[in-house]
């Protein structure tokens, strides 16, 4: 990418973040109802801190840091870069205020403009593109977190009454059959990918079948009505404990009001649409549902091999695969190396993309990962057998 | 009080609450860094809900509730009045917004104006005066909570750079001696008091001595420097556990920066003034300090009997007394009866008043009460022997 | 007491401890089902350690410690005497074995015999008498702990099928009326008492009435049947939280089997005797019961003044009083001073004695104390108004 | 296997369990110092309950259950078979006593003898062989649990002063190189294997190298001395949290006494032997160690393919693989189906066997699994690259 193109891309991405937040009231930027959710203002600051810390401070001679205390406030998990506010405390900070953080964004954006006037080195270009992808990941998290903040408020305020949820047409086709053999998986090409998608390597797959469609709300409701949440046989032991400890009876955001199922959407509380893909379920629930159907979830490699034949991109799809390094995986040195590798234990891979994924961010080799109990992400279920 | 006087008093008190908040930024209204602290916007709504729930709804014919969901959001602990947001979740609510809550205040204030045009019944007058005192208690809590919110922020923002802390001159006089005998304690008179100050009754006191002055920062520092926080002999077993579990080394808001003691005040972080009364200590610390001096804390009755000879009103003073009912104590029927009685276990009485106590709210018979580990209230130490 | 009398008393008390344990199987000596319960073998060791640590080691020249590691194992809460196994870990220790601990007892008893041949000093006599009373307190705790260990076992094994529970005849008399005035309370005399019973001092009591009888199981059942456990109005806020968090529906050891109430006794599971005093209730429950009856619990001073007219000694009676120091209370120097004073916060006083109290151990001025949520002690309810 | 052979095998295995316990004192059978450890008497009862529940009760006509309450006490995690004592409460039960449980064993053994006189059906034979393997797994757990119980006792009692730890000679050879290609893994044959070892299937492996030797104490000490426990770069984020929360500084059972490393063995506390394989480390530590060496742990398939060239059987070796179902995995119907499948989330596979594994129990395809933080099992580290 040429320098001018990089600047344009930089501004386009930075603006998209702020567009997402344009529907919020000041108070919505501040709260952190659970540890996994970050206050939107924190995302705004943290993504800015990323460019300041990894590009401006080391590479832009004479750059004056906006506020040295912000490193403490906006560092997420980079041990290399010093101490930080613990994650669960983010929602306790009323300052810096939203206006202060927008000033911070403006200040850093201006400095980035100045810095990118001159053609940057390859090393900086790579960091810049990582910064783009990093901010895009936080754009997606912003959607998750905003939905959680508003959807768990007893007043159920709308995010945007005009929000349009992309429709996903069900193909209604039979399961796709893939024959056993050696396949290649992992990223191939010269564009950006995360380190966890490398190296491209061979895997052996057995014969399998995979559904061309995602499981719908209506299909999932059959599982609920068949008492699936109360029958231990379909659950992992950990999942069964999770269901009972948390008294889980349905997907997150579902509410049974006078016998009728509703769900919170970005437009507010609405009647459940039975034809839409089910979402906001934990891996435990996805597994139990599949188990009840006498099927299973695909592995991430089955998914990747079948991907060209799937309509995907609507919701991150839980796979049976644990999040582990590919053969030959190695971490970059320094803080950037903390990006992916250190999370490779006790998490599950999700494949695909979601309606919240920014345009141009996804890839068929993309490996998303979350703990198996999490539901606030935009996810879904695809069956295999 | 005549009706016009009640209206004037109502508006004066309501305005004082908003004046306290006038120095806040919107974000400061929202957060709840620990369970004991409530978001300022919650106080604004809850005090309004009190008038709406206990006066307007039952007594003002044709009154239209502002928003039925607000009962769920702004009920504090009144089981009689229905379910409520659990206390630790108050800081998770971005809505109602600050503007919405000010609208709610305006709406209820207008209705109160209309309602109080006609002379209210005695019953309503009593509820009204209870509502005044209730809102004043929340004014004091607002100061505690705002200090906690800003004073625990890593940026240490000032609440009000022009804030003037009332000076308390040390008398330097000897301990006051009171002779043994039967004394009367508890509220006497026709004005308002809380139910926990009744009935006025006799107690027998032994000879005792009580200091005319509060313990200063400088005196407390001697305890710290004498290793008082590391010597179990001065502590209750529970206090010793609390000190060690929480790694407590000094009063709340104190920071030792490069060997010099600072403290957070409403003006920001400042050098510790050794002549000011020490504050923000738990009962455990107050007890340990007294114990180290070879003395003790006064009981609440010793305090009340000695009160006319004390300069008091600067900080709530921990007493040795547990918070228990007076002889003949009885609760009012209904929700109002939940005001005090149900807290009478495992709490300590504090006597006096503080710089945050609204004018006209205090009384020599006033019984404040908190759990022994709490430090965010404006408190202090007076010695007895 | 003469030396020979002291030796006789020593052996009588030591034997009583072992008699209590004579009904146990080895396994019963070992377990600690909850933090408040100690394994019986720990009591056997700890009471022995008390004599070894406070008498033999400092006063018996040439005494050879049985095993230096036992100090770590058998110290209870004496910070002065060094580190110790944390309380909740006592049930994790399979060694020293029961046989080892009986050897330890024999070894120390033998040394005590040798030591007491010579007339001991006054100081030693006082420690010895404290040791007697200390071991008697553990005898009572042994009964509580054994009942908990066996009574919470799903097999409900009997402690002793021939155990005879002393009967308490209900007087059926009216409430006793006591007139207001100045009364003296606290220990008076030359015999042993605990430091917390001193000093004898005057208190002023208002007119009050107190029941000559304890509340019976039948009377308490009326409270249960009137839905008392589900009506917040009778409870402290903390008590209400406790009831709901722990799903409490009846006293400890009660079981409703096919609609019929049973209770675990030392003889095993038996039908509930409606005429016996209710026991194993928390302070919260005692308070709620009294509150439901429109009455209250007596204060410890009301109790002490009325004591000569009460049939007492069946169960420790919850009072409304918090456990606080008497006027002029002072702690002994050294480890012995840790005996009582450091517990004087957040506990409630119980007065009387119980069927588990060793003969000769009680006194009308005796102040027992426990946290308000505890139920495994042998307690009961007496009403006042 | 013929019926007589089955009987002989039954008795041999049952005896081996009791032999392991023959060194214990009664008290050692009872305690449960942490949730993962079960009291030895529980293992004795539970393995007996397995034969009674799955063979005698359904298949042996007229069999009289020993004690119906034992199902509640000795069920481990079989939801199909009814409610049970929660796992963390096992150490709270003093009854059934050790003698009672040996009677239970004798009673069931006698019934099994009677039952096996007649040639059992194939179905019963399979259950019987599963029961053998089940009891052997508990034999191994008994060693882990006994070591934990005695090794965490402050007196460090020996299990057996004559215990002989098998020596593992270091080969000192270079890493073994395996070429990329398609390999077969999973159990093949007609003998017993667990359901999780099926189906045998093809996997694609890349070129890799694997060490013929386990990491020694001496090598691991280099990691400690290089400050490895204090350098976040070598750790997973979860591992780093675990190290810091638990203040981990060395493997379990290591003690640095006056600058010299010791370790608890079945003979008691001994000086650390630097040439022995390191053990009792969590997966987090194994990973961090490998990471510090610039290497990694093998996957379970690399391990299985290389197994014929490894000296294995000394300690269970942590692999990088998550515990997941093989292609075509299916659970048996009924309670037996709860054996393995429901644990297939958030656990790591270990391969090999240990000195505690009963003779004849291991297989090269055996998949052991534990949570990544656990250390009380007999484990070790093998490096790959």
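Should a chain be cited, it is by its letter among A, B, C and D, assigned in written order, with residues numbered from 1 in that chain.
Note that in this section a residue touches a chain if its C-beta (ideal position, glycine included) is under 8 Å from a C-beta of that chain, and two chains touch if they have at least 3 such contacts.
For clarity, every value in this text was computed on a predicted model and none was experimentally measured.
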item	value
Those chains which touch subunit B and also touch subunit A	none
Most distant chain from subunit D, judged by the mean position of its C-alpha atoms	B
Centre-to-centre distance between subunit D and subunit B (centres being mean Cα positions), rounded to whole Å	57
Inter-centroid spacing, subunit D versus subunit A (mean Cα positions, whole Å)	37
Centroid distance [mean C-alpha coordinates] between subunit D and subunit C, Å	44
Subunit B: positions in contact with at least two other chains	none
Chain-chain contacts as defined at top	A-B, A-D, B-C, C-D
Touching residues on subunit A, where the partner in the complex is subunit B	25-33, 41, 69, 72-73, 85, 89, 91-98, 149-150, 152-155, 157
Subunit A to subunit D touching residues, read off their complex	77, 79, 180, 182, 201-204, 206, 208, 232-233, 235-240, 283-284, 287, 296, 320-322, 324-325, 327-328, 337, 342-346, 372
